[in-house]
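You will see subunit A twice below: alongside subunit B first, and alongside subunit C after that.
Up next, the complex of A and B:
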C-alpha cells in the first residue's frame, strides 16, 4: 500500500532542493525504476513524492566549455538522437541503442539510471570509460551549493550512492575526449531487446599510429557496483591491439572480475562472457 | 422486369478477421479482471512459502479483527472440502501439511484487495519442516520421504504400452543407440491471469464466472466437490485471456473462492497477481526420458524402447497423463514394428504440471526426431530419405491401432525440405563446421503427428449445437465449444454461413453459458474446429432442409434444386432469386403453420475408446506437420538465433486462412520459447523467476521469418475437410532447433532449454569442467 502523503512537482531547482531538505522524499524522474521497484516492494516510497520532471534546468545536452553537459533529465532517447553525443561520445549512443525498449527509453533518464546505481545500469559503464563527473546540488544555509565528484566513485553498492539525502543530481559532465579517442560498449543479455545486462564491457583510449594509450576499461554487472578494469587496462596500455594483445586483454578481463551467480547467469558464465565481450569490444576499437 | 441472380460465394479458405478482434484490439473486451458484480468481496490466498512442512498452528484472529475483513478461512473451517485433481490427491486448503511452495493455507474475503492482502500478513502459521524431494530420481529411492501419505512409494501414475517384441526388434537391428533427454519446466503465461467470481443466490444456486476450458465437466466436478446437485451450478465464461491447456483442471483457488462466497453470503472475486500466476498455475510436464532405438542397414526402423520419469510435483493434474499423447508419437509417427513405452510419474516437492498445448508431444518429438537424425547418420543415410522411408501413409493402421484415413505426412516432409533447401544447406553447413569464425549456421528438421479429430478420452467426445433463425434471417449459434482466443467462433460462423448462405455479419455465436449452450467435453486436444464445427454444420443443415422444403412448396421447385445464397433463396442451377430468406422465415412464422426455424444437433466423432493397453483409433482424424528451422549459433556466447522457419502442415483443409496462419505462427513462437528462451527456474522447490523480466518469453525482434504451407488432404470426416491444428505448430520446434544446432556446431544437446548459458556450456565442455 502506498504511503505517499504529499506530491510535489516544482518547476525550479531551488524549490526542489527546499522540499528535499524539509521532508523525506522519493525523487521521481522517469519513474521506470521507481514504479516497478515500489510495486514489487523493493523500494519504500517516502511520504513525499517529488516529481522533478518540470525543472527545465535539469534537462538538455550541450557543450559546456571543455565538457559536454548531460542534464539529469536527459532521456535515453535523447542520448540516442543527440548529434553532439553521436559525434563526440558515440559510446553513449551505443549503450542507449541497447537500452530497454523505445517506450522505456522515452521515459527513463540518465540521472535516474545513475542514481538507481544498479551494477547493470547501461549508461554507467560508458560514463566511467568517459571519465565523467556527477554534479550534485543541495540547499544548505539558505543557498544552493553544487559539488562534483568522479562518477566512478559515486557508487556505494547496489542501489546505493554517495548522494546525501538533501542532494539532487543535476547533471553529468564529460570531458571532451582527446584527439584519436575511441571507445566502444557491449552488453550481454540473452535477447535483443528488453533485457537487463548479465554483464557489460566498455573500453576506451587513444588509438593512434598503431598504439593504444590512456586505456580505460569498465565492467557492469560483475560486482556490487560498476567497476574499473585496472588489470585489463594495464595489459592494454601501449598495445598494438593485434589478435594476440586482444586475447591477452580478454583473458586478463576474465581473470580480474569477481561476479556472482543469480537468475540471469552463473558466475562462471559471466566470466566467460566478459572474455567474449572484451574480445568483441576490442575488435571494434581496433577497427576504428 | 430484370431478375436478379446470385453466384455461389463461399467463405471457406478466405482470410476472415476474427469476430472478436475489433473489441479486443480496441480494449472493449471485458475479461474477468474487468468484470465486477455488485456487492462483491475480494478474495486472497495465503500460500505456504515452505516446501514440505507440517502445519503446527494457524492463528487467524488478528486477520479476522482487521476492519473490512469478512471472512478468514482455513482447512478447519471447511471440514466438508474434498480433494481435487486427476488423482483426487489435492485438498484446496491444506490442513495437515504443505507439500510445495504454492500451497494454500488460508484465504480472506475483504472489502478490497488491499485489505485482503493486509489481512494475509496478519495470519500466523507455525510450521515444522519435513525432509524434501526435489529430484524425481530421489523419490524412488528406498527410504525416500513420503509426499502424500497414502502413496507409500511416491508413485503418482504409471503408463505401460507395447506392441510387437522389442527384444526381437533389437536382435534384428544393425545399429542400436540409446540416449537420455531432459526436458524442463515452462508455463503458459496467458496474458489474462487466473481468476474467478463465485456467487450464491438466496436459494443456494451457485453462479461461477470462470475462465475454464471445460465448463461442462467442471459443473459436475464442482457439484461433487460441494456435494450439491450439478443442476444448481451455472458457469459463465467471460472472454478468456488465453488458455493453452492451463484451464483444463480445477485448481484450489476456485473452490476457495466458492468457500469464501459461502461463508460471507456475498459474491467473491479472486484474481491472481502475475507472480501468483507463475507460482500457482500449472507447468508443462518436465520429463527425464531414455530412448533406445534400432535400425537396419536398409534404413527401416526396428524397435523403440522408451522409459520416462515424470516429475509429478506434489499433486496430480493432467501433466501426469501426457503419456497418452507421448506414446502415440513413439508408436505411430514412423512405422516401427516393436515398441515398448513406460512412464512413471513420481511425487516431489516441486510445482505440478498440467496440460499444455501439445500435451507431452513436444517432449516426445524432441527425443524421437533427434534420434531420427542420429540413426540416419549411423547408417550413412540422408536424414530426409531416412524419414521418408519410415513415414506413415494414408490407409495405415499402426501398432497402436490408429487408422490414418488421410495422411499428408510425406508431402509435409518434402514440401518443408524443398522450400527451405534443407538438403543442400545441411551439407554446406556441416562442411563449414570447422571453418574460422564464431558464428555458425545450421538447419534442422522435425515432424509430428497429433490428434486432429478430437480424442476419445471421456465417455463422449461430442459437442452440441442449438441454432435458431429470427424473422430477419439473423442466425444465433449456441455451441458448447469454448472460445479461448483460438478463433473458434469465427470458424463456426463461417461453417454455418456456408450452409445457410448468409453473410458472416448475420451470425452470432453464443458459447459461454452452461445454462444456455448444450454440452461439450471442452476445448482441448485441437478438437473444437473439428468437433464443434461438425456439430454446427449438422444443426445448420437441418435448418437449411427446413427452409428449402418450405421454399420448395412456394416455388414449385424441388428442394434439391434450391440453394441459399447471400440471404436469398435462389434456384441452384443459375442463381436466380426466388425470395429473400427473411421473407421465407416470416411467412413460416406468421402463417397458419406458425413455425420458427430452430434446430439442434449433437455430433459424436466416429473414434473409439482405447482398450486397457491404450490401443484403438482414438481420433477421427490425424494432423501431420514438418518444420525446418535455420539457426545461427554464436559459439562465443551460446546465443542461438532463429532465422527462419519453414512449416508444412497437413490441416485437412484451410477454413479461415487468416485464423490458421495466426494459429501456426503463434504455435511456432510458443515452440521457440520452449526451445530457446523460456524456463521456469525451480531451485529446491522455489520458483526463482516469477516475473516477465526473468522468465523470458519470446519478444517481437526474436520472432523468425516464417514460410507456411498448407497441405490440404480433404479429410472425409472433417468439417469441409478440415482437421484440428491448434497444438500442432508448437510441437516440432525444440526438436528441429536441436537438430539445427547440431548441424551448425557438431554438438548435440539433449537437454532443454537452449538458453545461451546452456548452449555455451555444451559447446565448451572443457571450460565448464575446468571451472567445476
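Up next, the complex of A and C:
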C-alpha cells in the first residue's frame, strides 16, 4: 500500500489518459471493490492512484443514436432509478435491484463492475444478453483514440480483462432492443441481499406470435468469466416456450455449464441451480 | 511514509480541512483523525452497514470509501443527524419502539433509515426491509427497528 507515489483526481478524460500513459495506475471510481480488495491484500495498488470520479463525461445514462449509452461512472442506483433503463432495458434494472445493498449500489459503478471482471458480477450477465459493447479510450501519439469491443469478449479471466494498461473504460453501449424483445435475469445466493451470486442466468430474445427468436443466453459464476450459453440458445431458437421447450432448454443449460466447486457452492449444486434458474427465467420471459 | 493529501469538505454543515493518507478509508478519517466515533467499524468490507454515512445525498459505507474522495463533497454522519431537529421523529420512534439492543448497529441503522425516509417518506414495511437490507443487527432486533421506521413513515402495511 505504501508504494503509492501519487494520487490524482483529474476532471477531464485527457488528463486521466495522460496519467495512464505515464505510469502504472490503479483506477478508482466507487471504491467498493478497490478498497476492500486492497485492504485485504488481494489487490496491490499501483504507483499511481487515479480517481476518475470527477470526470463528468464518464457519467450519465442517455440515448445515443440507436444505442443507450451508460457512462462508466453511472452507479448501480442510477441504473435502478433511470426511466430509460426501466423502459428500454428492464433486465438491467432487474439485476441492479438485487445487487449488493443500497449503500453499495449508491457508490458502486457499472464501469467498475465490468472492469472488476468477477465471473459473478451482477451487471455482466444482463449486459451480455443485451449485446453490449464497451468503449475504451487511450491517448496515443498525442490524441484521444476510442475503440469498442463486445462485452462478451472483454473478459480474460477472473479479475482480468482485455483493457490495455493505458486504456480507460469510458462507457457501455447497448443497442436499443428490437420490437418484441423480452429479457429476464435471476441470480441465486444464500440470502437475497449482499450475497455474491452462486450462479446467475440471463435470457433474452424476440418473443412474438408464439415464437422465440434471436435467443441470447448468459450465465454467471459457472466459469472463469461470465459466458454465453450457445447450446441453450440453439435449443431455444424458434421455440414456442411451452413447458416441453422450457424443460429442454433448462436441461441444455445444465449440460453445457462447467462450474467449479468452491466456498459458495459445489459444481453439482451449481448445475442444478442453473437448471432451475433457466426454467424460472424462461417462464418469466414466456409470461411477458 | 505513506503519501498524504490535504482535502476540504463539508462535514455536518461545517467546512473541514484535513490531511489524510491517500489509502485511508473515510471511516478511519472520521473516527481516528476527526474523532467522530459515532460511525462504527463493524466488518470493514461493506457487509454490515454499521459505518453508513451520507455523501452528497446518498448513503454509502464509509469503510469502502477512500477518505481523499470526500474532497469537495458534503458528508453527514450520525453526529450531524443527532444535531438535526428534523430527525427527532425517527429518534423518538427508535426509543418508543425499543429499537436498540446492544446499540452497535444503531448509528448505521439511523443513517440508513434517514436516507430511506428521505427517498421514500411513506415507505411500506417491505420497502423498509429492502432499504435496510445492507445493515446487520447481530442482536437480530430487526422487528423493532422496522416498527420504528414504520412508525415514522406511517405505514400500516
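Please note the rule applied: the second predicted complex is superposed on the first by the 286 of 288 C-alpha atoms of A that agree within 3 Å, B and C clash if a C-alpha of one lies under 4 Å from a C-alpha of the other, contacts with A are read in each partner's own complex, and residues count from 1 in each chain.
Basically, a residue touches a chain if its C-beta (ideal position, glycine included) is under 8 Å from a C-beta of that chain, and two chains touch if they have at least 3 such contacts.
Quantities reported herein were computed from a predicted structural model and do not represent experimental measurements.
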A:193 touches, of subunit B and subunit C: first, second, both or neither? both
Partner chain in contact with A:107 - subunit B first, subunit C second, else both or neither: second
Partner chain in contact with A:45 - subunit B first, subunit C second, else both or neither: second
Which superposed partner A:82 touches (first subunit B, second subunit C, both, neither): neither
Touched partner set for A:225, first subunit B, second subunit C, both or neither: neither
Winner by number of subunit A residues touched, once subunit B and subunit C are compared: C
Touching partner for A:118 - first (subunit B), second (subunit C), both, neither: neither
Touched partner set for A:170, first subunit B, second subunit C, both or neither: neither
Common ground on subunit A, meaning residues reached by subunit C in one complex and by subunit B in the other: 1, 192-194
Partner subunit A, residues of subunit C touching it in the complex: 1-3, 5, 22-23, 25, 44-47, 49, 52, 58-61, 63-66, 68-69, 71-72, 112, 115-116, 130-131, 133-135
Residue ranges of subunit A touching subunit B (in the complex, touch as defined): 1, 188, 190-196, 263-266, 268-269, 272-273, 276, 279-280
Sites on subunit B touched by subunit A in the complex: 114, 117-118, 636-637, 639, 677, 681, 688-689, 693-694, 696, 699-702, 755-757, 760-761, 764, 767-768, 771
Footprint of subunit C on subunit A - complex, ascending: 1-2, 4-7, 9, 28, 30-32, 34-36, 38-40, 45, 49, 51, 53-54, 77, 100-104, 106-107, 192-194
